[in-house]
Amino acid sequence: MSLLEELYKEILLRHYKRPLNFGVLENPTVRQPGVNPSCGDSLELELRLEDGRIAEAAWKGQGCAISMASASLMSELIKGQTLPQALELARKFKAMVVEGAEPAPELGDLRALAGVHKLHARVKCATLAWNALEEALKP
Amino acid sequence: MPLTLESIRQDFPLIAGRPDLVYLDSTASSQKPQAVIEAMSRFYRESYANVHRGAYSLSLAATDAYEQARHTLARFIGAEPEEVIFVRNTTEALNLVAYAWGLHNLREDDEILLTEMEHHANLVPWHLVARRTGARIKAIPVTPEGRLELAALDELLTERVRVVSLVHMSNVLGTVNPVVEVARRAKAVGALVVVDGAQSAPHLPVDVKALGADFFAFSGHKMCGPTGAGVLWGRAEVLQDLPPFLGGGDMILEVHLDRSTYAKPPQRFEAGTPPIAEAIALGAAAEYLMGVGMERVWQHDRALLEHCLARLDAELPEVRTFGPRGEDRGGVVAFSLGDLHAHDVACALDQHGIAVRAGHHCAQPLHRKLGLASTARASFYLYTTFEEVDRFVEGLKQVREFFKDWL
Amino acid sequence: MPLTLESIRQDFPLIAGRPDLVYLDSTASSQKPQAVIEAMSRFYRESYANVHRGAYSLSLAATDAYEQARHTLARFIGAEPEEVIFVRNTTEALNLVAYAWGLHNLREDDEILLTEMEHHANLVPWHLVARRTGARIKAIPVTPEGRLELAALDELLTERVRVVSLVHMSNVLGTVNPVVEVARRAKAVGALVVVDGAQSAPHLPVDVKALGADFFAFSGHKMCGPTGAGVLWGRAEVLQDLPPFLGGGDMILEVHLDRSTYAKPPQRFEAGTPPIAEAIALGAAAEYLMGVGMERVWQHDRALLEHCLARLDAELPEVRTFGPRGEDRGGVVAFSLGDLHAHDVACALDQHGIAVRAGHHCAQPLHRKLGLASTARASFYLYTTFEEVDRFVEGLKQVREFFKDWL
Amino acid sequence: MSLLEELYKEILLRHYKRPLNFGVLENPTVRQPGVNPSCGDSLELELRLEDGRIAEAAWKGQGCAISMASASLMSELIKGQTLPQALELARKFKAMVVEGAEPAPELGDLRALAGVHKLHARVKCATLAWNALEEALKP
């Protein structure tokens, strides 16, 4: 299987064509823009935090298949997580794509993005939404 | 031996040594001929010393080589040596003009006229200066074909316009702008004319005197030269009264603790130890290009472009290209494939050994106008072959096939 | 194989290839080891592409190499990579601080505190900024021995002083200034502390965190690296809020026709295509120096200096040297021979193959204080031998003999 | 004879030790500073022009043997010359030291400076006074 096939899997196609949680929230408690200055891709992440948990998440933006799928999958995964849990997921996701660490089971379908590590150029695409998440949850 | 495309390719070690690679990113930066690499190494191995201020032979020889490079670059663009200022790159050159001329001359409500197709290098310096001076920025629109909307000039070129700064050849659309006409009309309202020649100097014959501009900026690394050296050309009469930009050694006459007086141009604008080896190697690059002939470089780019566009038009209806169709267009093909994102396309092409750039190419306003966050871009140079263009087209077809469910 | 002086000399092609030459001008610029020259050529021959913005492998590899160099330079001075900004040279680094910080923060009657032993690179940028802002320049005096008059600090360091900018090691006197103490006292009045490390970074171990400064500037070409690349180190907290200096590609977040937002440091301060090959080669230079060991470089300079001064004192009473006698002095010997002019002396030494510099060494105010328009200067580096110092002393004796009627 | 001996001749020594016309004029009609920025040497040239001729010339400054001797010899030579004659002397002197042209007889003792051409580094020293003269006579 080529690197490309390893990366552009069915699951990403689904999220690229029909991204989940795409749009805006009615009453977000945090709104965080994210930009990948190297290509100009940008997104805006909205969260509603309640009792230390991410009650709702939505995002909007334009970007490549990798960044869109990553944002879609992330927005689904973090819903219901406590802030420390969400940050831990971010850490694990980045370990996987930046450092090439073994994909953590908690990442679920996001493990489909493990191949990004070998396609170095795409790391910034895959982490765009996650960087925005980390910014948004900064104390 | 006549200069053939094959012999030119043999001059570039990276091109000759990587037959697997189709390098289509010369607009971002060109590869280097051995003559340039060797000019630099030889200088370090055999005759390196700091320039100026040296009372010993080695330093004098280095100074001579450095000043010789200034003469060569002057010849390359039809200028006088005293009008050639060595800088790092086009970006620094344009900042020099914006700061040295702009901070000194712009007042509140003065107008700076740019174009919608500018590279960030010709936008951001003016933003910085506008904020400090209260001057305002306007832009000549770009037509749907990718040309400057000259009809808008009448209205835009008011008496308030103090400077018109525009790109000679767009790094996205490939458009070669009618600088002579814009300069003439800008001069009629008394405006300074600044030309971003980052793409024109490497790709077509340039005669700065004929352009009618006051400043012309370009980068060495895009014209077979090393990184770290570029040129700002300034008309002698304009440089004469231009205050300095960077302060330091070699640009002064007399320095006291709290004040200083400045040297004549071009020294006034070269503070500190210059990029000596880089300027010398850039001289070698200009010699190399003049050896090939800039008209020939331009015609080669043009031929590759026409071949590429013809094939894309005929065989890849899903590919949309940007930029004008006509003689006023150089070897740059920015494109999109269906709704696929440029990054996905470029990354897939890279898997076939085809190197194209993806992104906004430092022209966000232009991309906003095109309605896209980014495009992919293939660009050609004197070492690019028709076969490589064919490999690019075939590669694109494979990418289309790979992404057929995504399109 | 242990690193011997002879093996070090073999690493430098120009030194090894010119046994006739006694190169004593490393303070102006150093020679380059083969590892540095080769790092640069290899990059151009095998893996050249523009950095950032590249979606293809070649560009990514270039970006990695460039960022790797940033890490190496950070290690060289004990900093974080995000605090390392690649610039052309010390001069540009100091201008960056003067413009970006100075234009933004200085107000009328604010004070800029410099010293009487500054290089023009640390004077003229402040003159330019002072004129625009109305700030005033003061200077810490230099004692007859060639040290900073620290006793004057109490009076000079008023609450009005917003910035103290001083040289770490003088390029004329060789004095290593007590930067830690000056920085501590400057901080006590809330002033920004800027250090010109052009001579210290190449010649002694530097730990920027320990210095207590906010900025530290140095040039690659004086530390075995190529021309065209230098470093501005800035403390992370200071860089965070520093407005940009040069505008253009790669330093932005979002660009509109008339305004823009900026990237985080260090990108915010690196506009346009950086000196890519130069930064990579500078990384190789820093590796080379760390391989030898900066403490060893310093001790070697010191030993040569003591040997040189001892012989001059004993054998050439007509020679007057400048600079302090003590541990706080590096391998720089500025001198005069009777009333002979430095140019006459340097020119005569050159006839014996001995390369020393003559002039004001970009320190006119200091020379005015010394009562001389110019001095000759011999300076040492890791490849200088005791035998070369001896040849210098013997050469000077012959010059004295030649000019005996002129003295 | 070494390059050095060829240059540092008796005649220069005399002018170096006892420069002619060193000082200021009572009523100069032109005063022109000159600087060699590479070494910091500077001088000030004063002329009294009368009826299109250089009636008197004086100079003051500090510099190397070459620049001092050149200034001293020049100040003596130009006295009594018309402006075009003086400019022609400047041209001939520069041709000799900059381009290595055959020394013109009109240059008199200044021909002793012909060796400067081979000691490249000293060209700016030798021409310091002459550049000031040319500036001073600019229309």
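Labels A, B, C and D are assigned to the chains in the order they are written; within every chain, residues are numbered from 1.
Everything below uses one rule, namely that a contact is a pair of C-beta atoms (placed from the backbone, for glycine too) under 8 Å apart; a residue touches a chain by one contact, two chains touch by 3 or more.
Just so we're clear, the structure is a prediction, and the values are computed from it rather than from any experiment.
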*Rounded Å distance between chain A and chain D, as computed from the means of their C-alpha atoms*: 76
*Please compute the C-alpha centroid of chain C, do the same for chain D, then give the distance between them in whole Å.*
37
*How big is the gap, in whole Å, between where the Cα atoms of chain B centre and where those of chain C centre?*
31
_Residues of chain A that contact two or more other chains, please._
38-39, 42, 121
*Multi-chain contact sites of chain C, meaning residues that touch two or more partners*: 53-57, 59, 250, 252, 254, 342-343, 346-347, 350, 358-359, 364
*With chains as vertices and touches as edges, which is it: line, ring, star, complete or other?*
other
*asked:* According to the definition already given, which pairs of chains are in contact?
replied: A-B, A-C, B-C, B-D, C-D
*asked:* Could you list, by residue number, the parts of chain B that touch chain C in their complex?
replied: 13-14, 17, 21, 23, 25, 28-29, 31-32, 36-38, 40-41, 44-50, 53-59, 88-92, 94-95, 98-99, 103, 114, 116, 119-121, 123-128, 130, 132, 136-137, 139, 219, 221, 226-229, 244, 246-252, 254-260, 271-278, 342-343, 346-347, 349-350, 354-359, 361-362, 364-365, 368
_Give the list of chain B residues in touch with chain A in this complex._
340-344, 346-348, 350-351, 358-360, 364, 367, 373-374, 402-403, 405-406
_Touching residues on chain D, where the partner in the complex is chain B_ = 35, 37-39, 42, 120-121
*Using the touch rule from the top, collect the residues of chain C that touch chain A in their complex.*
52-57, 59-60, 250, 252-254, 263, 267
*Which chain A residues qualify as touching chain B in the complex?*
2-4, 8, 13, 16-17, 38-42, 62-68, 119, 121-122, 125
